[in-house]
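Structures are listed in the sections that come next.
Look for chain A in each of the two complexes below; its partner is chain B in the first and chain C in the second.
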Partner chain A sequence: MSSSPLLADLVEALRCLPGVGAKTAQRMAFHVLERDRAGARRLAERLAAAVERIGNCTRCRTFSEEPLCALCASSTRERSLLCVVETPVDQLAIEQATGYRGQYFVLLGRISPLDGLGPKELGLDLLAQRLAEGEVQELIVATNPTVEGEATAHMLAQLARAAGVRASRLAHGVPLGGELEFIDRGTLAHAFGGRQVL
Partner chain B sequence: MRVDQQPGYILHARPYRETSLLLEVFSRDHGRVGLVARGVRRERSRLPRGVLQPLQPLLFDWIARGELGALVAAEIASAPFALAGDLLFSAMYVNELVSRLCARNDAHPLAFAAYAQCLDRLAADEPAGWTLRRFERELLADLGYALLLDRDAADAALLPEQDYAYDPESGARTWTAGDGRMPRVSGAALLALGADRTPDAAQLAQLRRLMRSVIRHHLDGELNAWTWARPAAPPTSG
Partner chain C sequence: MSSSPLLADLVEALRCLPGVGAKTAQRMAFHVLERDRAGARRLAERLAAAVERIGNCTRCRTFSEEPLCALCASSTRERSLLCVVETPVDQLAIEQATGYRGQYFVLLGRISPLDGLGPKELGLDLLAQRLAEGEVQELIVATNPTVEGEATAHMLAQLARAAGVRASRLAHGVPLGGELEFIDRGTLAHAFGGRQVL
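Here is the complex of A and B:
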């Protein structure tokens, strides 16, 4: 493909990005070399810095450069509400879509034996410690409505019960503006199973 | 080769490339197969993301080529197994067991039937421990690892009141103090499992240790579902 081993290495390295196959990686490599070496240098520096300096918050496990993330360190967030999410992306979605003023705990996954993810990998010991501190009044379980998410929610509910903390679960079902006829049957079954008293 | 309307269950789904899922499916006539559900993680997908879940009986259409097949369609065969709470962990254990013990593209129709029956029993609230032991027995038998549950390794009839050490390769032999490493199990427990007769609580605990040791032997390793320290359950030996 090329006479430059470095170029071949670059193409290979770019393929670690999601959705980037051999063709796309090649196009990216040629693009930066032909037209945007400054941009490439900036990207390389930012990547190196991010990988070097971004770790996980010691309290909520979300991405953070400091031992405590901004949200955990904030004095204006309610400390009685704790929302548990699977990923930092889920946390961001809730931050952007809702007026939630409490704090978070990020599992960085969900219970899945086949992926080697159990209570230890999800930091449930850290969460149990947090609940034992006594500040949290309500644990809001925002795991996904999948089998693994439900199993995780069940484990979180047990943890909350053991600590004497109320647990709640996000409602899921028929999307806003959705018509029953067009909703996929799995969603409909879930919504039907989770129906509420009027 | 194209496969149509094949009954099966998703054992596991993991993200694959940017918008796809890699499904580990337990099918009736083709055993465990790996299927790529292309583009299913896009907002508008032709494939029904919502039903591509474990515990949902499905009918799959796919095109088989090489190691992984391409999923063409999936439709609901019947209502999902209604499992909640601790039973979800039992189901995840069963899925891990099948994924780890069954090789890909190897049909195990008897194990497939036993799998559906196991989930049915769990959903019907039959005692989970006994339900799992019965499934393990059927799965191991269909894989060619059947336990010897009426005679000992020397071909003598098992005695209910006798304690045995169970060797996964050769079967039961009379328990002696030197058998510390082997699971100790009463003849009554072995006979109950063999005759599909509900064991008492002590026998069930012995059978749990027995099956774990046999499965560990055939896997040559541990199942992740075993290593979870469950707050409710006391730590188990063996």
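Here is the complex of A and C:
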């Protein structure tokens, strides 16, 4: 909008959000300016706080503003079960869909040499260390059923074998090529319950 | 996400954006935290600046960070033509689609008694004052072709008549029930060029 450089800046900045193109960004900017300045102010504060203070749990790598996330710090979660997921979104999907009461390890990605994502970037050294502690008896591999997710699962199975820990994989039922976060809860719960030994 | 109250706060705050539900907000929050913290920081700053510093032009009511917007301050825009639109988005659509070189007046709404929007809220006193200045020779009514937009157009035509100013309306071609901002440029340019005397 030629009449306001600040407005043009805002429209441009909104495009950092996934799925937001030029037209949508414009509508968003006009909407908050016209109808929800309080909401926009709150969003600005919370974005700044989140970016500033949310890091990763030192034990499971999920998003956390404390060195140890609430789930890792909890005394009520089963310590013999460790579920490995690609992202915090996948972790959340499993939490919401299943009755799982064990712990998690979040890779923050999947094996992808072209993107520079190897064992180191996925924190596999931290995971190996965790398995070496001896508490984990089953490693539940919940990577996505994509080519890269399967390659990651293979690597995780090797890691488990090396540590003498049983590894399992979510049951078939998760559609091939699908992403966990888009699967309905029922399917995900079913696949989780019927997980197979790797 | 139970592991981070700040993250839950961010997800909640993102819902102030139009068309953003719980699931989308979650994806947006995770996306920026995982992949674009710099973008999120910039968005936070620009949102805050926009909300803080963007007001309305004292002459045409469009968004502006100065008392007088760039378009109203411009010496190259035709002062005998005044186009009345409902929102800054509609103004932008006309600027981008047509070769219009006159000025604008932005109602920031349309007549809607149920929403408490009457002549006063739409700045019609300011518009009457503008017409009384004597420079405007044609008032181009570009409200949306909805029931409320037509009621608004009717009121604007009365205002123009009282001031002895010719009023015109965008030509048919704008689909009934449609919103200006969603119309393709060609149709809008055609309708603008073929505007009719009210």
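Keep this in mind: the second predicted complex is superposed on the first by the 172 of 198 C-alpha atoms of A that agree within 3 Å, B and C clash if a C-alpha of one lies under 4 Å from a C-alpha of the other, contacts with A are read in each partner's own complex, and residues count from 1 in each chain.
We adopt the following convention: a residue touches a chain if its C-beta (ideal position, glycine included) is under 8 Å from a C-beta of that chain, and two chains touch if they have at least 3 such contacts.
All figures in this text were calculated on a predicted structure; none of them were measured in a lab.
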item	value
Partner chain in contact with A:F30 - chain B first, chain C second, else both or neither	second
Partner chain(s) touched by A:R41 [first = chain B, second = chain C, both, neither]	second
Touching partner for A:G19 - first (chain B), second (chain C), both, neither	both
Which of chain B and chain C A:E78 touches, first, second, both or neither	neither
Touched partner set for A:L92, first chain B, second chain C, both or neither	second
Partner chain in contact with A:D115 - chain B first, chain C second, else both or neither	first
Partner chain(s) touched by A:A70 [first = chain B, second = chain C, both, neither]	second
Chain B versus chain C as contact partner of A:P5, first or second or both or neither	second
Touching both chain C and chain B, counted on chain A across the two superposed complexes	18-19
Chain B contact footprint on chain A (complex, rising order)	18-19, 21, 111-116, 118-120, 146-148, 150-151, 154, 158-159, 162, 184-187, 189-190, 193
Partner chain A, residues of chain C touching it in the complex	1-7, 9-10, 12-14, 16-19, 24, 26-34, 36-37, 39-51, 53-54, 57, 62-65, 69-71, 87-89, 92, 95, 108, 181
Residues on chain B engaged by chain A in the complex (per definition of touch)	11-12, 14, 17-19, 24, 48-51, 53-56, 76, 79-80, 82, 84-86, 88-89, 91-93, 95-96, 99, 223-225, 227-229, 231-232
